[in-house]
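Should a chain be cited, it is by its letter among A, B, C and D, assigned in written order, with residues numbered from 1 in that chain.
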Amino acid sequence: MYVHIVDKKKDGIVVRGAKMHQTGATNSHEILVMPTLALKGGEKDYAVCFALPLNAPGITLFFGRQVNDTRRLEGGKIDLGNYDYGIVGGECLITFEDVFVPEERVFMAGEVESSRDLVTRFATAHRQNYGGCRVGIADVMIGAIALLAEIQGIDKFSHVREKLVDLVYLAERLYACSLSCSAEGKPTPSGAYFADTMLANVTKLTASQVFYDLSRGLHEIAGGFVATTPSEQDFKNPEEAKLLNKYFECKAGVPAEYRIRLGRYIENITSSTPFLEFMHGAGSPQTQRAMLFREADFEAKKRLAKKVVGIP
Amino acid sequence: MYVHIVDKKKDGIVVRGAKMHQTGATNSHEILVMPTLALKGGEKDYAVCFALPLNAPGITLFFGRQVNDTRRLEGGKIDLGNYDYGIVGGECLITFEDVFVPEERVFMAGEVESSRDLVTRFATAHRQNYGGCRVGIADVMIGAIALLAEIQGIDKFSHVREKLVDLVYLAERLYACSLSCSAEGKPTPSGAYFADTMLANVTKLTASQVFYDLSRGLHEIAGGFVATTPSEQDFKNPEEAKLLNKYFECKAGVPAEYRIRLGRYIENITSSTPFLEFMHGAGSPQTQRAMLFREADFEAKKRLAKKVVGIP
Amino acid sequence: MYVHIVDKKKDGIVVRGAKMHQTGATNSHEILVMPTLALKGGEKDYAVCFALPLNAPGITLFFGRQVNDTRRLEGGKIDLGNYDYGIVGGECLITFEDVFVPEERVFMAGEVESSRDLVTRFATAHRQNYGGCRVGIADVMIGAIALLAEIQGIDKFSHVREKLVDLVYLAERLYACSLSCSAEGKPTPSGAYFADTMLANVTKLTASQVFYDLSRGLHEIAGGFVATTPSEQDFKNPEEAKLLNKYFECKAGVPAEYRIRLGRYIENITSSTPFLEFMHGAGSPQTQRAMLFREADFEAKKRLAKKVVGIP
Amino acid sequence: MYVHIVDKKKDGIVVRGAKMHQTGATNSHEILVMPTLALKGGEKDYAVCFALPLNAPGITLFFGRQVNDTRRLEGGKIDLGNYDYGIVGGECLITFEDVFVPEERVFMAGEVESSRDLVTRFATAHRQNYGGCRVGIADVMIGAIALLAEIQGIDKFSHVREKLVDLVYLAERLYACSLSCSAEGKPTPSGAYFADTMLANVTKLTASQVFYDLSRGLHEIAGGFVATTPSEQDFKNPEEAKLLNKYFECKAGVPAEYRIRLGRYIENITSSTPFLEFMHGAGSPQTQRAMLFREADFEAKKRLAKKVVGIP
C-alpha cells in the first residue's frame, strides 16, 4: 500500500499507493513524497521520491475527522478553543492511483541504498523540532492554566503552585532535549548541519509522554467546568446569559466569558487529536526506541563497566 | 453561589443557587440536592437537602457542550464511537432561582452539625465505586485495543504484549482498590454497610491518574489513524469507499469498517470529556489527598518508628 | 543446577542442586524444598519436594553479604538502623550435594503434572502477602520520616505535607491490592482458601515498584545528613560529642541522637538489600507480568469491545 | 549554626559554625567556604567567604559513615564494588570553632547584597554538571547491566531489551538537560560563560529522580543474586569455591567471579549513599523547584494564552 512505481514511461514514472496522516496537506499547493522505511534489495519500486501539485490527476485527498471539527461550521468562535490559530488545518489521507510524475519532479527512483540515510535524516530533523514547536504549545497551555487559576482565585494555594512547577518542569525538560540535539549538531559534507540522532530521538520520545502529563495537570487545576460549560450560543440569549454570567463569574470584575474561553481552549487542546499528534507525529515511539537501542553503543558502555569492576 | 435557603414559608422553604457538573440529570425525573462541603456555624442556610422534580418552577438546566457532541445530530452511528451506550447523557448546570420546596421534600434545613458526616458518607460511597464502574470502561478499552492490535497484525509483537500487560495492570490495580474498600466496609448502626474511607479515597485518587495512562497506551498501540480517519459519510460514497476500503483494510478478510469503528471508539473515549470526568467526578484529587492526610494516623506510624529505632 | 533426583534407593531418594536466595534459612531448623517452575515431560527428576534438617549430610549453607552487614559485629546499636528487629537474618545459598532424603520426608518425586499447580499456589500465596507485610515496613518508614520532619521543624511546610500524602497513598494502594486478592479468595476442595491469582500478582507487581518511590520520598524529606552522619562511636568521645550534639540538634529539647537514629534507620532500610528483596521476593516482576497476560482473559474483553463498537 | 563572623581583628576575622555534607573534603588540602543562602539585611555576619587549610586551628572534620564503608578495611577488593575509583572519599562534617582567617584569605565579609548572586552562580554551575558527571555513572551502570544480562544469557529477551532502552533513555535525557543549559550559556562581563539558570535547575531536578529509576531497572534485570551472593572471602576457600563456582557460573566459559564483580558493583552503587548524593547534591530538589517557579515567567505565558484564546 505504500507509494511505489508501477510503470516507467519515457518522460517520467507512474506511481500508486497512499500516504496516511498528512498534516497540513490540505493547506498546501504541492506534496513532497518520500519513503518512510529503510528499504531492502527487492523493494526498489518503493524507493521513490517526488513532488507534485495536489490537484494532479489521480491524486485524492480524504480529509480526516478530528475532535470537535464541526464546531468550525457553527459560526461561533469561543467553542473552537483556538479560533485565530486553530481554525484551519487537519490531517488527510492522500491516495495516488496511477499518477504520472514527469521526470523533472522525480528525485529518487530505485536508489534503495540511499533510503536508510534519507529516512534517518528526515526523522532526525523532524524529531528534533518536537522539542521546539511543542514547547510553544506547552507554554500557551501553562499560561492558560496559570491565568485560569488566577481568575478562579486559587493561584496562591501551595498545591496549585507545586502543580504549576510540575508543568514548567515538563515543558522545560522537553525544550532542553531539543536544544541539546541541536547544540550537538554536526556539519554534513554539504555544510548543512545535522542534529544529533540519539538526542533527537530522545526529544521525540519525551514529547510523546509529556502531553499526557501536561493535560493531567491542566485538568486537575482547571476543575470540572471544562467539561460541563454550556455553548457560547447560550450566552447570546439574554435570559440565559444572566444566569450563566452569575454562576460562572469567579473573581470580581473578570467576565465569565474569559473563564469560558480558557476552559474551551483547554477542552480542545487536551483531546484525542492533539494527543495522537504528539504521540505519533515524526514516527511512533517504538521507532524512537529502536533508534535508541541502535545508537546506544552498549559495547562502549560494557568496556567502561569492565574497567570499573575489574574484568579484563 | 451554592444552593441555600433564602426564605422559610409555613409549608416549605425557598432556595437559590446552582449545582454544577450534574451528570445524568437531563435523563432524570427528579434531582436530589445536598451540601458538598462540611459546613460551619454561620453557614446554616447552606445545610439544605431536598428532592424536586426537574421541571419545578425556577429550575433551569443548561446542557453542557462536550467533545464531539454534535456528531449525535449528524445521523450516523460510527463517528460517535459508542452509539448504543454513549448516545444520550451529558453534564448540565442546574440553577435554582427562588425555588419553593414543600416541607415533605425537605430532608435537611440548617443541621450544620450533620453536614460533615453527610458529605463524608456520600463522598466515600461515590469514590468507592470509581474502582468498579471505571474498570468496566477500562476493560472495554483494553478489549478494543487488543482487538485492534489483532486486526492490524501486531498482537504478537513482544512490545505490544508488554504494553497490553501494562494496561491490564492499571485496570486491575484500580479494581483492587475498589474491592479493598468494600471488603473493609463496616456496618453502621442502621445495618447498612459503609466502605472504608481511606481506601475509598485511594480508589478515586488512583482512578484520577489511570485514565491518562490507559489513554497513552491505547494511542501508542493504535497508531495515528485514530486521528486521521475520514468520516463514516465518506464510506457511503462508492467511489471514495473503494479507495478507503483498500487503504484501511489490514488483516485479510476483516472489513476496514471494523478498524474504523475501533478507532472511533478510541478517539471518543480518550478525549477531554471523559478525562475530566475521571479526574473530578466524586470530587477533585486534592480533596482525596486531604482525606488521606486526615485519615493517615501519623501518630500511630510515629509510634511504630520510635519502637523500631529505639526512641522512648 | 536446580535441585533434582540423581538416584533412587530402596528407602528414599538422593538429590543434587542448589536453592538460591533462601531468606531466613539460617534461622531455621528445617528446609522445605519444592520446584519453582512448571515442569514438562522430560523433567520428572526435577519434580521433587521434600523437607530435611539443615544439618543433614551434604547440605551446605553459604551466608550472603548484605549492605552494612559487618556493622552487626561492631558492638554498637544505632548504626544498624534497626537493632531490635533487624539484627539477625539474611539470605543464603543452599547447596545439596548428593543428599539422601528418607522416604517419609519426600512429598513429591516425579509428579510433573502437579508442578504447575504447586508453583501457582505457592506463588499466589507469597505474592498476596507482599501487600501485607511490606505495608508494615512502609508504615514504619512513613512514621520515621514524619517524626524526622517534625524534629527538623519542617512538618508544617505544605510541600512536605504533600510529599507525606504521596507516601501514604503509595502504602495504602499496596495494602488495597493485598486486601483485594484476599477478599476475592475462594475455597479449594480441601476447604482452605486460595487468594485470587490475578490480584495477588497485581499486589506483588505493585510492591516491586513502591519501595523505590517510598525511598525517594524519604530521601527527599530527610535531607543529606542521612548519608553524612558520623558513626555512633564518635558520639562516645565527649569532645566530639559536644560538637556533634551542637550541630545535629534540630528542635529545642530533642536530643541529636534521636535524629541520628532516624537517619540511620532510613539509611539502612533504603539500601540495595531491601530494594532487591522487594523486587525479586516471591518471584521477579516479569513472572508476575506473565501471569497478568495469562489471566487477563483478553477474549472476554474483546467481546465487550465488539458489543460497544458494533462489530458482530 | 551556619558559619559566620564572631569577631573582627586588625588582620583578619574569627568565624564559627559548621559546614555539613562536604564531599571530598578529606581528600583536600584547603576548604573554600561560602554562603548557601541569599541573605538579608540583619544577616551581615553570615555573608562570609574565605579559604583555609583544613588543618587550621579550630577546624574539625568528622568523617561520615556510608554504606559498606568498613568493607574498605577488610583487605579484599571485589566486595567494594568499585575498588579502583571508589575506594577513597566520603562525606564529612566540618566544624569551625573560633577559627581565625587572615585578611588575605577573606573574599567576602558582610557584603549581604552580593550573596544572592554568589549563591545563584554557584548553584547554577553545580546543577549544570549533574547532567554531565552523573551520566558518566549512568553509562557505567548501563554497561554493567548489559554485560551481566549477556553473561546470564538473557540479553536477547525482548523484555530485557525494552528495559535496556528505558535505561538509555533515562541517561540520555539527563545528558540532554546538561547540554542544553551549557549551550544556552551566556558570557558575563568578565568573559566567563554562565549556564542558563532555568535549564541548569531542570538538569538537577532530573538527576534527583533518574537514579531511582536506573536502580530499579538494574535490580530488575540483574535478579536477586545481587543481594544474596557470599563474600569474596568464601571464594578463597577451595572447598567452598568449588561449589560456588559451580552454582554461580552462567554462560559457559565466563568465570563466576565476573558475575559476582558486576553484582557487587550494582549492590554498592544502588545503595542509600549514592541515592542521597544524587538527590541532595547541589541543593535539594525543592530549591530547584523554587528556582523553576521564579524563572518561569508566568506573565509572558499568560500573555501568550490571552492572545490565543482571545482575551484582551
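One rule holds in what follows: a contact is a pair of C-beta atoms (placed from the backbone, for glycine too) under 8 Å apart; a residue touches a chain by one contact, two chains touch by 3 or more.
What you are looking at is a predicted structure, and each value in this text was computed from that prediction instead of being measured.
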Most widely separated chain from chain A, with each centre as the mean of CA atoms: C
Which of B-D and C-D has more C-beta pairs touching across its chains: C-D
Distance from the mean Cα position of chain C to that of chain B, given in whole angstrom: 36
Chain B-chain D separation of Cα centroids, rounded to whole Å: 43
Interchain centroid distance [CA atoms averaged], chain C/chain D, Å: 28
Per-residue overlap in chain D, given as positions that touch at least 2 other chains: 159, 162, 289
Touch list for chain B against partner chain A, complex: 1, 18, 20-21, 60, 62-68, 70-71, 74, 79, 91-93, 95, 97, 159, 208-209, 212-213, 215-216, 219-220, 223-231, 234, 240, 243-244, 246-247, 266-268, 270-273, 275-277, 279-281, 284-286, 289
Footprint of chain B on chain D - complex, ascending: 158-159, 162
Interfacial residue positions of chain C with respect to chain B in the complex: 77-78, 81-85, 139-144, 146-147, 150, 161-162, 164-165, 168-169, 172-173, 175-184, 198-199, 202-203, 205-206, 258, 261-262, 264-265, 289, 292-293, 296, 298, 300-311
